[in-house]
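So the structure is just underneath, and the comments pick up after that.
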Amino acid sequence: MTVKTLKSLNIDIKHLCRVEGHGDIRIRVEDGKLAECTWAIVETPRFFEVMFKGLSIEMTPILAARICGICSISHALASARAIERALKIRIPEPAHKVRLLAIHAETLQSHSLHLFFLVAPDFLNVSSVIPLMQTHPEVAETAVKIKGFANRAADLLVGRSTHPIAIKIGGLTRIPRKMQLRELAKDLDATIPYLWKALDFFKGFKIPDFVRETELVSLRGVNRYPFIGGNLISSDGICKKEDEYRSMTNEYIGDFSNSKLTRLSRESFAVGALARFNNNYDLLHPKAKEAAEGLNLRPGVHNPYFYNLAQLVECFHVMYESKELLPELIDSDTSEFSIHYKVRQCKATGAVEAPRGTLYHYYRISEGGKIEKADCVIPTNQNNGNIYYDLRKLVNELMVQGMEGKEIERLSRMLVRAYDPCISCSVH
Amino acid sequence: MNPKISRHDINLEPFMVTPPDFNRQTVLMQTERGFKSEVVNIVKLTATEKLFQIRISEPCERENFTFLPGQFVMLELPGCGEVPISIASSPSNREFIGLCIRKVGKVTGMLHRLEPGAMVGIRGPFGTYFPMQKMVGCNVLLIAGGLGIAPLRSPIYWINEHRSEYKDITILYGVKEPGQILFDYQFEEWRKIYDLNLLTIIQNPDENWRGKVGLITDLFEDISIDPENTFAIVCGPPIMFKFVCTHLADIGIPRQRMFVSLERRMHCGMGKCCRCNVGSTFTCLDGPVFDYWTVMNLKEAI
Amino acid sequence: MKYLGITLKRPKVGFFDFTGCEGCQLQIANKEEDLKDLFGLVEIVNFREISSERREDYEIGFIDGCITTDSEVARLKKIRKQAGTLVAMGACACLGGVNNLRSRFPLPDVVKEVYDGHPVDTGPVRKVSDVVHVDIELPGCPISKPEFEWLVRHLVLGIEPQFPKYPVCVECKQRLNSCVLDMGMMCLGPVTRAGCNAVCPRNRLGCWGCRGPSEEANFESLMEILREKGFTEEHIVERVKFFNAFSGILNSDC
Amino acid sequence: MLFKTITKENFKKMVECLLEENEVIGPKSRDQDLQGNKIYRFLKINSFEELEMDYTRSYSSPKNYFLPFKEDLATYRLEDKDWEQEIRYTIHPRVIIGMRACDINALLKLDQVMLKSVYPNPYYFARRQNTLIIGLDHEPLEDCFCRSMNTDTAFHGFDLFLTDIGDKYFVAINSDTAYIIINQFNAREVAEEDQGRYKIVKEQIKSKFKTQVDISILPELMDLEFESEVWKKWGDKCLSCGSCAMVCPTCYCYGIEEDTDLTFTKATKRRFLYSCNLLDFAAVAGGHNFRPEAHIRLKYRYYHQFRGFVEAFNQSLCVGCNRCGKACPAGISPKAVIDDLIRTEKK
């Protein structure tokens, strides 16, 4: 068999569809050589770090949520956590549980949105979820059930699934009533079977064969799979404290993108579902492990297309963990859900695992309780470099295999999409 | 021991099966039950007004539906809304109800897009009426401004059908622009067959207008009024009847013999929603037809 | 599609995101069980976030996000030209939203602070109506799905939608919430346009005014009330400016 | 009217029994105001313990259990040019515990409009017929002026009315349903001693009214002072937010809206409680607003309460609970406004 290498190719995708925010892919092959291959973020910046300046701390979770419509709960939690750590507040246990459940709900809704609305059309070769509703009604139904549950859960737990209301410094503004929680638990039980249906469905997808060994960064859970707070670890063996986030991310400004980039031990690293999965496999719920088995997903995977499957596994994890958390919450005394605090001069970082990876908020607070400095490091920033290098390697490999331009374009789109980039969030 | 409070299911009460009769006002009935009616004919009068002829579909409901000149119905487009509209046809016409409707907003705008054959709902009739019986043996002066001619059509038909009972009938009709004149195709019939004196006036005429120019009050120069023996019916914008009625009062017509039809926002037609509240009364129950004395005593009526 | 015998057209719509968090677009994808009906009502020809289909023959354009860069201005103007009806969707598009908080500082300083002087493409924060004519403003941060569906029904019927003119308090009282003003919190509900079903007070958080002012809002009176309740001027102004909802009412020096 | 007494222990049993089969509504608190006072609401209760019989005043009146804030009047199935209307009257046998005398009197006033005048309202009728009302006496609060409005005692309009006389309730019984129920819980004949205690309690209640509002000349005053500066003064404070009407036990103004579903095959006609203080209450198509300014609308609320209703039914609509005064963010209360009116009149 003779390998036909591609002589020239020009792919220029403006505003890649089915991702959150605006990003461009540009691939140019000249004389059989890769002349240009970039993943460029063209979203316009909003300068959130400046917006925070001078605001009272009570406003931060509300403003932070507006960084991103999809992971607003994570942003609100990261900012609340940063300020609570700075003020050395320990929020009441029920509040913590509700927050944990809320981030679970967000993870579920974000992952299912990504899997069903953004990724599935690629595998089924349709333009979007709209035709998919006609061609695969059972898939659409599964998506509706899972996402619907996630939205209802978030509505109940923090008031709204986008831009939560109830998260405030010191705990929550209110706590759901036990009866409502009991109903949610029932709702959850009714939703779990759909997750298994989804598993069967995604099992059938053929994941493209591509590997690029990279460094994977995430929080490390203590006795739970990590979501809110914890140490920062990398698959290259680095372990740091939450407040050392800066040396974990080493933000720099690349010339091809409006979003900042990060690096650690190598030229880039990755965060997100796959990183969490690899770094915390031992802490996954047994049912999630079972699902991973079913998908042939084992720790040590370095194929970015597996991000999608890792997300599905995480859906199992959050569902089953919520199933355990809810009764605990229902059986505990929930009358304390917020504590008073005094403002003073201080600073700290809050890290959470947002659906797309580790999210850091850092604040310095003045004596009068105003934000003096804010810094947010967003998962997609951390992934962008990795996407860039993945893309180069992918295109090179595909060229060598003699793949057609169309196919290269498709696989490139899918690669970027697999990372579930959240661009408006990264250019905040 | 049975602590369960027994259930009084009013869905099983007799009134659920009898069609509502809005003329019997104190009986429990399905107040929101609209008579389904078919739009049988639509006549385009001007750019903004259309005359709708509608026919109640159910024979027994049609049978039941009687009204007096000056009353209105609530006209409903399911899913769009409900609006009060004066009946602009003869009370003796038991087949069709004529409604002259100006396109101004949501419901009326949608109405203007209907085609014959569409089904609408009507509830009613509601409100007070022009006391035609009281006017027997007297002159009647009907004064209309703009769309105000619509509610006057009903008393005009009435008078024609009982022509011998009344003496001189005069209609004064004023509009802003020539294109706004309504029912001019009937004017000859009214003058000749109905034996009425009809005068028109236009505020801003165009070159084709041969008639009188000015405000409605200018028409008083052309007629003589016997204040002792005349009733007046006035319909139009509030500002108009303020001037007209003041003038008539100056001539000497008692205020209790002038009748105006007030317009207010309405949502129910049954004195419940309070939207049509004027002073201490409701336009839908105590109105829309009021004598001018009452209007003067109502706060903020004009 | 017919309504009372009137044939309704299925309008072609496009969704266009500018500078914002895309939470509003996400709302449209939420409440999935209705999606099928919604897509039956309108033909979506351009919705980058969820579909790779991209056509330019839309009749209704939905804009979310605020306008910052020159290229965005150009893009918006192009959309305005094509769309018969232009809907600004969400607080960012209708009011400028939280983005306006950065306008408190000079733009060069802002860029320097965040990007350390690296050149970035940006400009002043503008709401959509600052740049082009807007036909309908669908308020909220984020927008509410029921209200969006309600609006779409109106657009399909060709009826001008009437948003509530009254303030949030009406809905708040109807939900039997405890008034957060009584509980010592600040609330802009009395001057903010209703329609959100008072979600914030429902969750024991005062209203922040994300839906813009209610019609003929009595702003002075609320200011007086808040002052009487002991809120500092600084605190009040901070709140009032948060979504930039009251820029027309609040005089600049206050 | 029949009277009995029931011990608190037995009353508890009765409520628990009622809870088994019926929806029970009662006063409950969830929040506290700044001064640490509980904020009560009438909500569905699931156990006797949730019921707070020592409540002071509910923030919002229980009116919404008779005239819901929003209710579907009719539904339609649409098909091409045609449609089918469907009307059902919601029947929820319901028990409301703890309504005050003023709230019960408020219902009687609403009955005048909704049942006793033209076009009886079947929706209201259905709810009224299917609600068992258990009233409860209380000592007046600082700002209650129901005595001035003659609504501090209820003689009818309830099924049971309780007065706390120590370890038992003195109960007025006004319906056969209630009579049968209470007799199953060891209700006793009124002993002389009970009657004595009841009288003392009643006297005490009477003596504790602190707020008085002079309404004797009010209807006339409303007309005389129609153009008064007082309206402007209070109107400028008014936020036109409708809070007063929402919490008021007697305000019943409403609006109707119709809407379809996403497929234009179903439609609903909905009634929603409105308020005459809201900007577009009297606005008509074409942009004319009969009451364009806040002070005119505010005046109309008072005009309806203290003048219009008097003309129609020989009584004021207001029952003097001062809920509107409490709920108004701007602190506009009937007492303050009326006193002001009377003062300017005297000047």
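Order of writing sets the labels: A, B, C and D. Residues in every chain begin at 1.
Rule of thumb we're sticking to: contacts are C-beta pairs under 8 Å (C-beta built on N, C-alpha and C of every residue); 3 or more make two chains touch, one makes a residue touch a chain.
Predicted, not measured: the structure shown is a model, and the values here were computed from it.
Here B-D and B-C were compared by C-beta pairs in contact; the pair with more is B-D.
Chain closest to the overall centre, judged by the mean of its C-alpha atoms against the mean of all protein C-alpha atoms: C. The geometric centre of chain C is 36 Å away from that of chain D, both derived from CA atoms. Each chain gets one centre point, the mean of its Cα atoms, and the points for chain B and chain C are 43 Å apart.
A straight line joining the Cα centres of chain A and chain C is 26 Å long. Shown for chain A are the residues that touch two or more other chains, of which there are none. Each of residues 77-80, 117-119 in chain B touches at least two other chains.
Under the contact definition stated at the top, the residues of chain D that touch 2 or more other chains are 78, 81, 83, 259-260, 264. The touching residues of chain B, counted against chain C in their complex, run 77-80, 106, 109-110, 113-115, 117-120.
Note for the complex: chain D touches chain B at residues 14, 17-18, 20-22, 73-74, 76, 78, 81-83, 85, 87-89, 91, 93-95, 113-114, 117-122, 125-126, 129-130, 132, 177, 181, 184, 223, 226, 252-260, 264, 267-269, 274, 276, 281-286, 290-291, 296, 300, 303-304, 307-308, 311-312. Of all the residues in chain B, the ones that touch chain D in their complex are 1-11, 15, 22, 25-34, 36, 76-82, 104-105, 108, 117-119, 121, 263-265, 267-268, 270-275, 277, 279-281, 285, 299-300. Residues 15, 17-22, 43-47, 49-51, 53-56, 59, 62-63, 66-70, 72, 113, 117-118, 121, 127-130, 133, 140, 143-144, 147-148, 151, 158-163, 165-166, 168, 173-174, 253, 258, 424-425 of chain A touch chain C in their complex. Those residues of chain C whose C-beta lies close enough to touch chain A in the complex are 17-27, 29-33, 35-36, 39, 44, 47-54, 68-69, 72, 97-99, 101-102, 104-105, 110-111, 113-116, 118, 120-122, 141-142, 199-200, 202-205, 208, 235, 238, 242.
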